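What follows is a group of structures, each given as C-alpha cells.
The following pair of complexes shares a single chain, chain A, combined with chain B in the former and chain C in the latter.
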Partner chain A sequence: MELDLTKVKTYGDTLNDGAMQVSFTLPVPAGDEAKEGARQIALKMGLEAPAVTEMADLGAGFTFFVLYGKCTHTVDYTAIKIPKQQQKVLSFKEVNALIKNRLERKVVVVAACTGSDAHTVGIDAIINMKGYKGEYGLERYPEIDAYNLGSQVPNAELLARAVELNADAVLVSQVVTQKNIHLENLTELIELAEAEGLRDRVLMICGGPRISHELAIELGYDAGFGAGTLPNQVASYIAADLVRREKNGK
Partner chain B sequence: MSELYRLVNSQGGKATAIVGMTKNVGKTVTLNSLVKDYEKSDIAIGLVSAGYDGERFDRLTLKEKPRIYAPRGAYVATARACFDAADADLELIEVSPFSTPLGQVCLARVKRAGLVELAGPGSVSSLKSLIEKMLSFGAEHVLVDGAINRLASASPLVTDATILASGASLGPTMVDVIKKTVFRRALFITSPLQDEVMLKAARKGLEEGNAVLLHREGNAFRVEPVTGMIPLLAGAQMIDMCNEETAALVFGGALVDNTLQDVMDLYEKPPVVIVNDPTRLFITPEIYYRFLNKGGQISVLEKLNLMAVTLNPTDPCGRGYDPQMFLDKMADAIRPCPVFDLVYQEEKGF
Partner chain C sequence: MDLDRSKVVIARETAGKIADRLHSWIGDYTTTTTERAAARLLGIDGVDKADVPLPNLMVEKLEQAGILDRGLVPWLARAVVARNECPQKIAEGLADGTFQVSSIPDCPEDKWRAVADALAVEAAAKIRSVRSKREEMKKKAAPAGKPMLYVIVATGNVYEDAVQARAAALQGADIVAVIRHTGQSLLDYVPFGPTTEGFGGTYATQENFRIVRKALDQAGEETGRYISLVNYASGLCMPEISAMGAIERLDMMLNDAMYGVLFRDINMRRTFIDQHFSRMINAYAGIIINTGEDNYLTTADAYDKGYTVLASQFINEQLALRSGLKEEQMGLGHAFEIDPSMEDGLLMEIAQAQLCRELFPKSPLKYMPPTKHVTGDIFNTYLVNGMYNLVSVMTGQEIQLLGMLTEAIHTPFISDRYLSIANSQYIFNNARHLGEEIVFAPGGRVQKRAAYLLDEACEMLQTIEEISLETAMEQGLFADIKRSRDGGKGSSGVIERHKDYYNPFFELFLNHSKPVEGRLS
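And now, the complex of A and B:
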C-alpha cells in the first residue's frame, strides 16, 4: 500500500490500519458497566471497534482504562504549515569564537527572576558555571560577563541594574501559570523598558517552563526559551543577534 | 458597516491601535470586524501586530482563537516564517531589518485573500517604522493589533487613535472589570498640559535631561534638567531637589508608584506631574486617586485619543455576563466614551 500524505492515518501494524491506543479515567467504580462506558466514549471519539484491554480500579469510585481501536480520521499532511524558529544553534566554542571575532568585546548578560517569582531553577541552569546536562552555563563562557541577580527582583530595579552594567541582554525567568499570574509581570517589564527608552538598546529574553518563541513575540520579547533549553542555545541566540544588529548598524 | 468602523474612518488618522486590558478580551475580534468593513469600503489597509496573532490555538489556554483574515490589496507585516506559512497569497515587497525568533519581519501585499498569522517586531520603534512603510506603499490606514495587556502601541508617538478592549476575563466580578476599565480609561484620557509657558519649558528641559524640575520665577519658569542613567533614576534624584518654588516635575520616562508617593510625602499641595504620554503611567489606582484627592494634577505632553472601548462579555476560562447588562453598565461608567460589543451587536443587527 502507498503512503498518501494527503490522507495520513494513525499506524499500528500495517499502513493505514488506523490503530490507536487511548487511556483515560472514568469517575465510576470498575465493572462491566464502566467497561461499556469506556467503550462508548471511544466510539464517540471516532474509534472503530474499540476494545478495552486494561481496566484498573483506582479506588474511591474511579477506574482507569486502556483501549485499542481504529481511528477513522485522516489528516492532510501536505497542507500543514507551521512557522518555525529560524535560529541556528552553536556550540560553546563557536559562540565564544563568534563573539571574539565579530564583536571584539565581551558580551554582558544580566539575569533575574522578577516580581514575586522565586523559581530560580531555570535561570540557574542557564547562568551557573556548572551548567546543565553537560552544557556549561553562561558564567563559564570566556567572552560573556554574566550577572545573576537572583530572585524576586523588581522590574524597575532589573532595568536600572542592566543599564548600570551596560548589559547587551536581559534574561528574565518566570513560571507562567495557566492563570497568567506572572504573564503580566513579564509584559510590565517590557512596557517599562519602552517607557524608559531602553527597548531598542537591550536584547530582552524570557524563559520558563511554559514559554515558547511564539509566546515571547506575544509578550514583546526578542526571544523566549522553554523547558529543556540548554545554555548554548541561549548564548547562540544572543551572540548571533548582536552580530546581526552590529551589521545593521543599530 | 459597524458604528465602530464609522468612528475609526471618520477621525482621519493614519494608524489605529487596538490594545487590551488583558488576554482574551477580544482584541482580534475587534480587529477582524474593522478589517471586514474596510474590505467592503475598498480601502487598502495595513495589518501589523504588536505581538503574535492569528494562530489557531492560544499558546497558554490551548483554546481556539479567532484567526486573522487579510483581504486582497491589504498590506501585512509579519515574521518570515509566518509569511512562508500564510494561507493567503502574499507578494513580498521588502524584508525589514527587524528580527524575531520566527525570522525577519517581512512587508507584503495580499494578492489573494486568506488567513495570515501576524508576528510583529519586539519594539515600538520598529512598529512605528513598519506602519510608516505600509503607508508609503499605499496603505490608507494601518491597524495595529495589541498583545496581552501591552499598551505601548497606543502611544501617540506610534498611532493616532486607540481602541481599548476589555472583558470578563479581566476580573472576578463585573464590578471589578468595570472598575479596572474605568481606571485605565482615566489614565488614557489624562489631559494635555494647558499652560503654554510651562509646556515650552518642559519640552526644553527634556532636550537636556531625562527628567526636569520647573521652578516658578515670576511669570516664567526656571528650567532645571536632571540626567540619570535612565529616566526612572533621574526622577528619583529629582525628588531631593524639590523646593517651595517647584511648580512642575517632568518625567522623561515612566512614572511609577514610588515616585508619586514621594512627591505626595513632600508636599501639602503637590506640583504638577508631567509625563510624555499616558502610556508612561505605571501607577496603581490607590496611589493615583490619593494623589488627585490631595489636589495633585497629572498632565501629558502628547494626548492619547481613546476612541472607543470594546467588550467581550465571556471569559474563555469560565464565567460570562449578560451582554446587554454588561454593555449598559460599562457605558454608564465611562460615558461619553463609546462602548461596543461587536459580536452581540452584529447578532442583534445594529
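And now, the complex of A and C:
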C-alpha cells in the first residue's frame, strides 16, 4: 500500500489501520452500561470497532476507560500551512554581535508573568542569568538589558515599566490556562498596548506551555514561543526583528 | 548513612542562632493580619454591606483611631465591658455605625483584662475541642499507611472540589489539599462565604473549609478512615487562615517561614512576624505544617542547590520550635526534582531523601513530586513518578504529594488522580520493606553525596548566621531569588507595638506548648 499524503490516517502497526488509543472518564458508575456508553462515545468520535481494554471504578459515580479503536477520519497533509517564524536561530555570541554591529545600542527587554499567574518558571528560564538547558538567559547577554518583573504583575504595570525603560520588547508569560484565563489576559495586554499607542513601537511576545506562534499571531502578538523554548531562540528573534525594523525605517 | 554527627549538631545550633536573631525583634511588632486573626479567634466573622470582612473593618477603624499598636483585643474587651455584648455583636455594631471606636469608654485595666482573658480562654477551649474531636475520629479510624497519599483538587469551584475530594478519598487518598486561587496570597483579606470562581484553585474561605471538611468526613465514614484536609496558611493572611483552619478542623497547613518572601514578594518583616503567630495557632490546634523547600528547586537546580533545601529545613525547624510546634507537627518539605536525564540521578535523590529522614527523624517529611522536568509526555511522567514513589517508600517519607501524569498540562483530571494513587499503591505495597534491606556502600556515591550536602548546608547556615537571614535573602541565597529587606507587598501592615500592647493568645498558646530549645541530636 502506498502512503497517500492527501489522506493520512493514524498508524498502529500497518499503514492506514487507523489505530488509536484514547482514555477518558464518564460521570456514571462502572458497569456494563458504562462500558457500552464509552463504546458509543468512541463510535461517535469516528473510531470503528472500539474496544474498551480497561474500565476502572473511580468511586463517587465516575468510571475511567482506556479504549482502542480504528479512526475513520483522514487529513490532507499536503494542504496544511502553518505560519512559522522565519527567523534562523542564532547563538549567544551571534545575537550579541548582531545587536552590537547593526543596532549600535543596547536592546531593552521587559518581561513578566501577568494577571493572577504566579508561575515564573517560563519567564525565569528565558530571562534569568542562568537560563535553561545550558543556554544563558537574556540577563547574561551583554547587549541586552533584561528586566524580569516577576509574577502576578498587572498588565498595566508591565506596560508602564516598558514605557519607563523605553523597552524594545515586552515578554509576557502565561502558564495557568484554566478556563482560558491566559487568552483573556493576553488579549487585555494587547488591547492596553494599543490603547496606549505602544503596539507599533514595541515587539510584543508571549510564551508559555500552551502558547504557539500561530496562537500568538492570532491574538495580535508579534511572536509566540511554546514549551521547551531556549533563551537564544527568543533573543535571535528580537535582535533580527529589530534590525529588520531599523532597516525598513531608514 | 554514616553521617558526621558533629556536623548535624553544628547545623542545628547555627539554625537556632539564626532563629534567635529574628526573634530578637519579631516581638516588637504586630501586623494587621495578626490582629485580624485575634478577632477571628474570638469568633468575629462575616462582612459589612460593602463586603469588607468584619475583622478588616475593625482593624482599619482602630488604625484610623491610632490605637492599633495596642492590639485589637484591649479595645474589644473594653467594648464588651461597656456594651455587655459578645465580640461578634461589637463588630457588627461598629460596622453599621451604631457606635464608634472613640465612643467606647476606658475602664480599669484589671476589668478589661479579665474580660479579654476570659474570652481568649473560651476561644482556646473551642480549638481544644476541635483538636480532641480530630484525635477521637482518628482513633476510631483505620491508621493511614506510610507514606500517606496526598492529592490536590483545584477546580476553582468549591462544590466541584467537594465532589473531587470525595472521589479522591474513596480512591484511597489519605490527605486532600484544596489548591488556592492563584492570586489569593496577595489579598490582604480573607474572602467570605462559598466561592465558585477561582483560577488555578479555589479561594480559601471559612465556608469553603466547612464544605470540603464535610465531604471528606463523609468519605471517611464510608471507608472507615480519617481523611486529612489541607489548605494554605500563607500569603498576606497567614495567621487568619490558621485561625480559620483551627476552627474548621483542617489537619495540615502549608506554612513556611520564608516562602511568601521568596515566591510572592511579600515583605520580609511582615512574613516573619506573621509566620510566628500563624504557627502558634497551628501548634495549639494540632495542625501539621508543610514547609515549602521543594519550591526552591523549581527555580534553582536540584542537584547544584540541594543543600539549600537542607539549610532551609533547619531554619524552618528552629523557627517552628519557637512558635511551639512539636517536631511531629513539622512536615518539612523537599522534592524529587533532579533532571531525570542525569546519570545516577536516582542515587542522588535517594541520598537527599535518606539524609532528610536521618536529620529529622520525628518529623513527618513532606516529599514533593517531579514538576520541573516533566513534559507533556504523560507516559514518561508516569514512569518518573513511579521512581519518585520508589525512593519515597525506600527512605521512609511520610507525606507523599502524588505526582500527576498531566503535571505539565493542566490541573488534574479525576482520572489523573486515580492513576497517581494506583501508581503509588502498587509501589508502596510492592516495595514496602525495601528500606530495611538496604545498607549503603561505605564511602559510596550515596554516602558521599549526603556528606557533601550536609557540609554545604552547614557552611551556608554559618554564612547566614554571620550576615543575618534578611541579608541572605537580599543576596539570593535561597532559590536564586533576591528580595530587598524593605521591599515587597504588605509592609504597611507592620506596626510597632506600643508598650501597652496586649494579645492574650500569645501567652495562652505558648504556655500550653512550652517552646523547646532545638533538639541537639
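Here, the second predicted complex is superposed on the first by the 154 of 250 C-alpha atoms of A that agree within 3 Å, B and C clash if a C-alpha of one lies under 4 Å from a C-alpha of the other, contacts with A are read in each partner's own complex, and residues count from 1 in each chain.
Convention: a contact is a pair of C-beta atoms (placed from the backbone, for glycine too) under 8 Å apart; a residue touches a chain by one contact, two chains touch by 3 or more.
The shown structure was predicted, so the numbers you read here are calculated from the model rather than taken from an experiment.
Trainee: Which of the two partners, first being chain B and second being chain C, lies in contact with A:120: first, second, both, or neither?
Mentor: Once the two structures are laid over each other on A, A:120 reaches chain C alone.
Trainee: Can A:200 be said to touch chain B (first), chain C (second), both, or neither?
Mentor: first
Trainee: In the superposed arrangement, which partner chain does A:128 touch: chain B (first), chain C (second), both, or neither?
Mentor: The second partner, chain C, only.
Trainee: Thinking of the overlay built on chain A, is A:224 touched by chain B (first), by chain C (second), by both, or by neither?
Mentor: After superposition on chain A, A:224 lies in contact with chain B alone.
Trainee: Touching A:64, do we find chain B (first), chain C (second), both, or neither?
Mentor: After superposing on A, A:64 lies in contact with chain C but is clear of chain B.
Trainee: Looking at the overlay, what does A:215 touch: chain B (first), chain C (second), both, or neither?
Mentor: first
Trainee: Touch check for A:25: first (chain B), second (chain C), both, or neither?
Mentor: So A:25 only meets chain C here.
Trainee: Quick one: name whichever of chain B and chain C touches more residues of chain A.
Mentor: The larger set of chain A residues in touch belongs to B.
Trainee: Should A:150 be classified as contacting the first partner (chain B), the second (chain C), both, or neither?
Mentor: So A:150 only meets chain C here.
Trainee: Touching chain B and also chain C: which chain A residues?
Mentor: Correct list for chain A: 176, 178.
Trainee: For the complex, give me every residue of chain C touching chain A.
Mentor: For chain C paired with chain A, touching residues are 154, 156, 163, 166-167, 170-171, 181-183, 185-186, 199-200, 263-265, 298-299, 301, 372, 375-376, 408-411, 413-415, 418-419, 422, 480.
Trainee: Using the touch rule from the top, collect the residues of chain A that touch chain C in their complex.
Mentor: Result: residues 23-25, 56, 58-60, 62, 64, 116-118, 120-121, 124, 128, 130, 150-152, 176-179, 181, 209, 227-228 of chain A touch chain C.
Trainee: Over in the complex, which chain B residues touch chain A? Could you list them?
Mentor: Residue positions touching the partner: 22-23, 50-52, 55, 59-61, 79-82, 84-87, 97, 99-103, 117, 119-120, 122-126, 147-152, 210, 229-233, 252-254, 256, 279-280, 282.
Trainee: In the complex formed with chain B, which residues of chain A make contact?
Mentor: Residues 81-87, 156, 159-160, 163-164, 176, 178, 180, 183-184, 187-188, 190-192, 194-200, 204, 210, 212-224, 237, 241, 244, 248, 250.
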